[in-house]
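Below are structures written as structure tokens.
Look at the two complexes coming up: subunit A is in both, with subunit B in one and subunit C in the other.
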Partner chain A sequence: MIFLRKLAALLVTAFAHTTTYRAEMVLWALSGSMPIILMGVWFQAAQGGRLEYSPLEMVRYFVAVLVIRQMTFVWVIWEFEESVVRGRLSHDLLRPIDPVWHYLANHFAERIARFPAVLALVFLCFWLYPGSAFFPGWVVMGQAAALILGTFVTRFALQYTLATVCFYNERASSLESLSFIAYTFLSGMLAPLDLYPPIVQQVAAWTPFPYLIFAPARLLIGEEVDVVGAFQVMGAWTLGMIVLQRWAWRKGLSRYSAMGA
Partner chain B sequence: MLSVSDLGKTYRVADKQPGLKGSLQHLFRRRYRDIAAVTGVNFTVEPGEFVGFLGANGAGKTTTLKMLSGLIRPSSGRAMVMGYEPFAREHAFLKQITLVMGQKQQLIWDLPALDSLRINGAVYELSASEARQRIGELGEMLDANHLLTQPVRKLSLGERMKCELLAALLHRPSVLFLDEPTLGLDINAQESIRSFLKRYNQRYGATVLLTSHYMADITALCSRVLVVHEGRLVYDGALSSLAERLTPNRVIELRLTEPVADETLRSFGHVLARDGASVSLVVDRALLRQTIARIFEELKPSDLNVHEPAIETVIGPLLRGERLVRPAQSAEGPSAGASSPRRPDTGTS
Partner chain C sequence: MPDDHDRKLASPVRRYLTLLRMFASTSLSAEMEYRANFTFSVLSSAMNLGASVFTVRLFFSHGASLGGWSWSAALVVLGAFTVLSGISQSLLQPNLNKLVEQVREGTLDFVLLKPIDPQLWLSTRRFSPWGIPDFVLGCVLVVYGSLAVAPSAFAWLALVASLACSALILYSLWFIMATTTVWFVQIYNVTEVLRGLLDAGRFPIDAFPPGAYRFVFTYVIPVAFMTSVPAQVVLGQTVPAHLAGALVLGAALFGVSRAFFRFALRYYTSASS
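So, the complex of A and B:
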């Protein structure tokens, strides 16, 4: 109960902080509209009839990608890097609560604040492509929401683990840039993964990336997805990352010099 | 309450030469060197003590505070604060300490201070009514209640520091580590913070370790001082004894009854100031008695006063790193007269 009170205070304050700059909030949502551009490209390509997806299915897939990207966007590595370099982490370390809850609260608050802008973008897509509007049903929506939450947690765990490299090299975000290439290519953000050559699909299956966009997107557009299997894979990756992060955190803190503080 | 034995911290820093050659060398063959920020420091602090931590920039004050608050791990030795090892950062320990850094803020820049206080209240497990009561009480002591609903970025530096202190003390810590809390503040704001700290220490019996470059902070608040120089503790004792140790001189102020040449005055000691008939002379303490006798005999002053040099003028050069203080070698060591079991680091000369 006490812990929930702490989380609620962090979340409420983070929401107040996020909503201080309204224009910035909308601009951040728009900056994640790459799926709308890809939607146009793949809509045209699908009109040739040689793809497994119809043009409208392609639009729906990228609408799902848009929602998933917006709801699972993670920036903890940049926030953490700045905290370490500027010594702001010191204040977080001296509070009787793990700093991760502070970062998580910031992410959740931003998500809540961004949601109306995301809905507006979804309706814009439906308006741009008449006949593309769809509703997968409440059960699927519930499953997809849970999967997207899992996706966010996995993505956060991956990035937060990379962020601990800041204790050894202050520019850990360059690692995230590298990892983002793999994420972009293997997650289904550029195109549905089942359009990729089989060898790429096999390689992707060994990574957590297909579960971060492709799996929840297929679920949202009404395709069959092994939801339990997806949770198991993401859970295993997340658990592995948490163990690694905790180990790196303990080691890294010994090197922390509280610069600038 | 607080004990430090043989505490040391060594940082490894990259060593880079300027220019293109230095950049290329740094790219392909990076060199590092170890810098001993703190070496073999020993001291203890008793509950309720208000201790000043003095030294030039880079002397090791802030590094020591960081180790005591648990932010960084000591390279050697041991620190214990209220029975806790600081670096373990147990929640029970964190709930009893605070670290205020004059050049760093914990308040959220874009929001009113009350939002940050709401987080602190919850994180330190205060009930809503308890948090409200403490905010009101501390806000009144700091005269800051009217500032709490304004965005922090709109506050002046002094107002911000008041709110920072409120946030740092909301959980009513027993041990306060204050690193330059009055840095950059105007005289009024400095005075206000000083007076608050004094009242807080008296009201709650908190133990305080304070670093400051403003001598007024030290003289107003601290009866005991620790002096660090190049990472080593070189003095631990009463502030008044420090002045005595730093300068073996006394100042004689006299009022002349007839004109006297500067050259004649210089035969008595160093002429610190002269304004008409008023003269200030600096005289070696060992020669004080005979110098006074000579002055009465040869100059026949209408008035004569003897006092110690102002602490500011004595310690100022030390804080600027211009002067090294050496530990006392005499039986009247720096801790003489102190009731606590503190001891100077005599192995550091």
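So, the complex of A and C:
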């Protein structure tokens, strides 16, 4: 109970922090404009009718990608890296709650604050492509919301685990840029994954990435998706990451020396 | 008798060249502290480029094209984009992010007091080697794509000129964006927005649907001039008109960036402005 009260307090302060710079919120939302760019290129490419997707289906797919990207954006490694390098982590460690909750609260608060800007972007896309507006129905929306939440947790767990490398190397975020490339490439952010050559699709299936964008996006545009299976795969990866993170955290913390660790 | 040293300092070009060299070497030695990073940066550049080439290939492998552009033309566009991204990682990001910080903390004062053009100092003080892999790989891709048509010596020259214009356009846009920080303080992600929109430069301009997209990417964020024009120039499609357009645009934007910076300084009130 007390723990929940602490969480609520963290969330409220994080929200207040986030909304101090509201203009920034709009800008961060806008900076994720890659799906809108790809939407245009794929819409145009689908005109010939040679792809399995019609032009409007492409638009819908990338609208879904846009929403998923915005709702599952994770930056904890940069925040953590800065905390470690500047020694601010020491303050966080003195709090009577694990620092991870602090980071999670920041991420959630930002999500809530960003949501109106994301909705505006969605309507902008619908307006740019007349006839592309769609509503998948409440059941699908509910499933997709749950799946996107799961996606966020998985992404967060993956990145937070990488972040513990900060205890050993001051610039662990370069690791994140490598994993981000894999994520971009294998998640379906650049194109619907079923357009990829079969061999690449098979490789992707061994990673958690296709579940992070492609699965929820397909669900949103009204295709059949094995939701339970997606949850199982993501759950397994998340669990593994949490175990690994806790182990690395305990080892790393003993190395941490407040400044210049 | 005035000694040689004084006379050397008196020649402004000489003095600026010396300064530029010193800026580069001090930044390099600072960044070299993190040498392991270089391996990462080479690796991530190569992976990034691989993923981009694969994506472009995807369009062609399904028989859809990128606005009627050939495979090699699309590669030149992607190469030009990668070159520019290298330049922005090496010069634009480190310097202009610092500008935002200096405005917020009021330390821009110290720069303004120096006996040097403040815009020059702010734009060249830092050099980060992490953009070099992108720059080199981008050049390789541009040359590889261009070889498809065996360009003349003149076309190669035009290509270099047009890439220089692209860099100038990019720099000016970036500097103008960074200057707005005088009014908006916490807004260092203005440059993130710019970076996001510049991603459109990965694709030839004709790959976008006519209308809003092409208008925005030609006239508002002129990525068409930055990456499509170099490709058109080297592949010998309507060289003079496009190159002239890019030249005029580059010069004009550079002028605007200087004027805008001077204008913004009038509103700069030191710390917490």
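Throughout what follows, the second predicted complex is superposed on the first by the 259 of 261 C-alpha atoms of A that agree within 3 Å, B and C clash if a C-alpha of one lies under 4 Å from a C-alpha of the other, contacts with A are read in each partner's own complex, and residues count from 1 in each chain.
What we mean here is this: contacts are C-beta pairs under 8 Å (C-beta built on N, C-alpha and C of every residue); 3 or more make two chains touch, one makes a residue touch a chain.
Here the structure is a predicted model, which means the values were calculated and not measured.
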{"item": "Fit or clash between subunit C and subunit B when superposed on subunit A", "value": "fit"}
{"item": "Residues of subunit A touched, compared between subunit B and subunit C (which is higher)", "value": "C"}
{"item": "Touched partner set for A:P96, first subunit B, second subunit C, both or neither", "value": "first"}
{"item": "Touching partner for A:I2 - first (subunit B), second (subunit C), both, neither", "value": "first"}
{"item": "First (subunit B), second (subunit C), both or neither touched by A:A191", "value": "second"}
{"item": "Subunit B versus subunit C as contact partner of A:I112, first or second or both or neither", "value": "neither"}
{"item": "Contacts of A:A145 with subunit B and subunit C, given as first, second, both or neither", "value": "neither"}
{"item": "Partner chain in contact with A:A205 - subunit B first, subunit C second, else both or neither", "value": "neither"}
{"item": "Touched partner set for A:L51, first subunit B, second subunit C, both or neither", "value": "second"}
{"item": "Which superposed partner A:H17 touches (first subunit B, second subunit C, both, neither)", "value": "first"}
{"item": "Subunit B versus subunit C as contact partner of A:G32, first or second or both or neither", "value": "second"}
{"item": "Superposition-derived minimum Cα distance between subunit C and subunit B (Å)", "value": "5"}
{"item": "Contacts on subunit A seen with subunit B and repeated with subunit C across the two complexes", "value": "21"}
{"item": "Touch list for subunit A against partner subunit C, complex", "value": "21, 23-24, 27-28, 30-34, 37, 40-41, 43-48, 50-51, 128, 169-171, 174-175, 177-178, 181-182, 184-185, 190-191, 195-197"}
{"item": "Touching residues on subunit B, where the partner in the complex is subunit A", "value": "11, 66, 69-73, 89, 91, 94-95, 97-99, 101, 104, 106, 108, 110-111, 115-116, 118-125"}
{"item": "Contact footprint of subunit A on subunit C as seen in their complex", "value": "34, 36-37, 40-41, 43-44, 47-48, 51, 54-55, 58-59, 61-67, 184, 186-187, 189-190, 192-193, 195-197, 199-200, 203, 207-209, 212-213"}
{"item": "Complex contacts: residues of subunit A adjacent to subunit B", "value": "2, 5-6, 8-10, 12-13, 16-17, 20-21, 87-88, 90-91, 93-97, 253-254, 256-258, 260-261"}
